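Labels A, B and C are assigned to the chains in the order they are written; within every chain, residues are numbered from 1.
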Amino acid sequence: MKVTYAKAIGDALKEEMRRDEKVLIYGEDVAQFGNIFGITRGMLEEFGPKRVRNTPIAETAIVATAAGAAMTGLRPCVELMYADFTMVAFTEIFHVVSKWRYMHGPEYKLPLVIRCAEGCANGAGAEHSNVTESLFMHAPGLTIVTPSCAYDAKGLLKSAIRSDNPVLFCEPKQLYQVKQEIDDELYESDYTIPIGKADVKRPGRDVTVVAIGLMVPRALEAAEILAKEGIEMEIIDPRTIAPLDTETIYASLAKTHRAAVVEEGNKTSGVGAELAARFQEEQYDELDGPVMRIAALDVPMPYNIPMEKAVVPSVERICQSIRSMF
Amino acid sequence: MQYESAFLKQIHKDLLETRLLEEKLCDLYAQGRVPGHVHSGVGQEATYVGVLSTRKPGDYFKLTHRPISMPWMLGTDLDMFFGELLAKKTGNSGGRGGSLHIGELRTGVLGMSGTLGCDTGVAVGAALTIDYEQRPNVSYMFMGDGTSSRGPVYEAMNLAAAWKLPVLFICENNGFAISTPASTTIPVPNALADRAAGYGMPAKVADGTDVLAVYEAASEMVEYVRAGKGPAVLECRDYRWRGHFEGDQCAYRDAEVTKQWVQEHDCVKNLEAALLKDGVVTEDELARMRADFDAQMETAIAHAEAAPAITAEEIFDGLYA
Amino acid sequence: MRTDIVMPKAGLTMIEGTISQWKAAEGALVQKGEVIMEYENEKNTIEYETVHGGYLHILAAEGDTVAVGEPIAVVTDTKEEYDALTGGAPSAPVPEAAPAVPAAPAAAPAGETPGRKGGRHFRATGLARKMARQAGVDLADVTATGGPDGRRITAKDVTAYLDGRKTQPAAAPVSAGDEDEVTVVPWTGVRKTIAKNMYNSLQNTAQCTAMCKVDVTELLALRQKLVAEQEYLGVRITVNDLLCAAVCRVMKKYPLLNGTFDGKNFHSHKHVHLSLAVATEGGLMVPVIKNADTLSLTELSRAAKDLGLRAREKRLQNGEQGCGTVTVSNVGMFPIDMSTPILNAPEVLIFGFGRTVKEPRYMPDGALAPRDMMNMYLTFDHQVVDGQAVGRVFEDMQRLLEHPHLITV
């Protein structure tokens, strides 16, 4: 069947709530309204007001209460609407959620998921278009997941909900309506995708391209173009940004000896900056050239749509950047 | 109110042992045996002991950085208590968290955040679990007057009120946010109680230096909360005897005022005087209690000092479940 | 408005150029048509006249090798735009490498880091370093071709080096304590082109060299007479001029040798375009005297002198090199009796003339006489030139050189 990314998220939530009565969802406008992207539509009716709750506009409370509920036995899957609003609850995510277990001991488990919609979306502007994985890579103890397709989204969200660790779950807005053909039986099976395992989306011999979220389909498109020019890109989707599956990435580096990172976030101090630094530190002997960062320009996202498109890496920009490595 | 002798003996024991632990903390710190800061709660025990004397099994507690001894009253043994304080493997986090993070979830202690106020929602979240599981429990949320000005406190209080969650918000108003007098930064006389009306919560103010007065006020508020009527506020007024942290010379306040508080509002001394008068305890019993508990503490400290610390190889342990 | 100034394309085969000198300063207001820069391609040093006027912001430093079409500078219409572009502080990029064609090997850089052997730093990738380390290769021996400027050693370069080394005997081990010093001289511009051309010539042609001795006693005598008439002729005729004139006469006679071979066709030329091998400080230059067969001896002499001088002064114009039909290489000024000159491909013949030595020679009357003897030799592309043809050329050349009045006919 053809499944949109948004439906896959909704189905994962429903399946987990049917499976485990300790799972509940709450956030801004998730109940009657069904979330601003329609993802939780129908869930209030199915699960009732105790398990599907609207919150006030209070991100710090959403995150901190999730921590308290999680350590005392529930499995909250809360929503912050836009990834931009993770910054409102930065302390709660950075100090409370991420460090609590380490600070208080192994008796404390925080099985919670914080979902947020990330990235640009046709003129959403400077405070509703951000991608924030890199900010939270700085928070040891936190798991960060960004799926790039419907199949992964469903399997990863189920794993995130079942994980005993706090998970920041990032959903690229532009992927919500992207459809993927998935075998019916497989889709409806209770499959999960392990946290912390990268996926080689396309094998190739010439350059390892680590792509995240929305950039995965774009990198795959770029790979088709460059293959005709004789450059074979190996596209690796880490899926879990933290903790990162360096084993898969390094195995690829040992084969291609060249690396690029494509991300929707800003270039400065982005995921690519971290990966490039790690590559040179840990895999220097495998690199046959500088690591290329392909990322958003370092500006607040312009409201003007052509300018927005210019900020985020396009297929064309990815092609150009990869070509320049040869 | 009339109390049974056993209750009075218990509340006195809790109050005295909390005092002795807080004093021991200062001694150990002065000897350079404790890493980091220590925020001593000597003189402020009544608020915590009085409120916590209303607890029932299954309740949750979000404590504060002062006093840090409450986990003992709630059921954590002294070996673990001093193990964590002295950063040893025998501590609840193996010495990774430190003095602010002593406690065990099995005793209902939720832990706390060193970024004050950000953990208010944690206690509200625990109340969500209670509500979800329809248990007759309460989540006790302690904070100081300084924390009462933080934004996350109000987001959490607002949510708790909107969802009618079983939380008792307790503000121990000792008059100072580090060096800053509450009167210069808080526009109402009672830091939390006067703000409770904004969330439709009932509030009560008690004398935080009188453990029985605290107990009585807390009982009233806890009954309301435990009945499922929603959250409530209790504010206890006392005075911070010592500096914000050990070593703080308190040059910002009048030493005469402090002296007066210490002399007139010593919650342990005042309770003991009443119990002696009523014949609930004798001077000999009091002396023996102090000596016994001191010996217990010294044994636990010796255990902690002999215990191994975590090694560099174990530094990442416990980061992920 | 700002306009990019790009590395111009001067010649069909030019893919990159090396900036030899900026003639205009950073921040200067340059006029359209003004010479602002001088660059080298594989053949020449060329002056660049800007096609846009404005305030100049230099992007590529002297010594940089830049691909054709890539920006080397920007000009802005206004000072404000220039300031905005540069942040208000004019600063020309500092050349990061030694001049492309140093006159002599540069001294080792001052201030060597003690830990680094010989103070050498190589621009090499991690993988290239690992491969070199594992194979026991000194990076100094590896030719860099990678990176945006072709000066970074990559894995490919190490592999190429290792492939090349397999066919060579192992180098003698250097005794311990023998502190060698090696300076890396970037082989760019003209030097890089010479290297490539020489290598390609040997790879792509079937070169064979023949030699014979010529008695040039008469030729030298004639030359002395012509020198005596220098004032009348207006030019000082050299031995080389006479040799070149002789070559022109002979080549004119054999159109099937006078031309170029592209691997498929031989392009036979009606006129002789004489390539002259000229040694310069920057390396071997080969300017061409066009239609040399149509020139008188004095005209030929003047043309040769002019080209030689300008080649040495790096003032050759675009198009004055290449497109020859035959080359003359005269090493008579050195104690070289003969060599096997490498063809100036796609030409198929190159004449070489060695030094002149007095030797005893049996004259037709049987008497021994001291004569001025010179080696004449010829490398030819055996793909297109037969030994018989070479024999005829030698016959004619010998006739002309031993009876030099025929040259002037």
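Just so we're on the same page, contacts are C-beta pairs under 8 Å (C-beta built on N, C-alpha and C of every residue); 3 or more make two chains touch, one makes a residue touch a chain.
The structure displayed is predicted, hence computed values, not measured ones.
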item	value
Graph separation of chain B and chain C (steps between touching chains)	2
Chain at maximum distance from chain A, centres defined as averaged CA atoms	C
Innermost chain, taking as reference the mean of every protein Cα atom displayed	A
Which of A-B and A-C has more C-beta contact pairs	A-B
Where chain B and chain C are represented by their mean Cα positions, the distance between them in whole Å	89
Whole-Å separation of chain centres (CA-atom averages), chain A against chain C	59
Intercentroid distance (Cα basis), chain B paired with chain A, Å	40
Residue numbers on chain A that touch chain C, as the complex places them	257, 280, 283-289
Touch list for chain A against partner chain B, complex	24, 50, 53, 55-56, 58-74, 76, 91-92, 95-96, 100-111, 140-141, 143, 163-165, 243
Residues of chain B that touch chain A when the two form their complex	60, 91-94, 96-98, 101, 103-106, 110-111, 113-115, 118-130, 132-133, 139, 151-152, 155-156, 158-159, 162-163, 318-321
Parts of chain C lying in touch with chain A, wherever the complex brings them together	125-130, 146-147, 152, 154-156
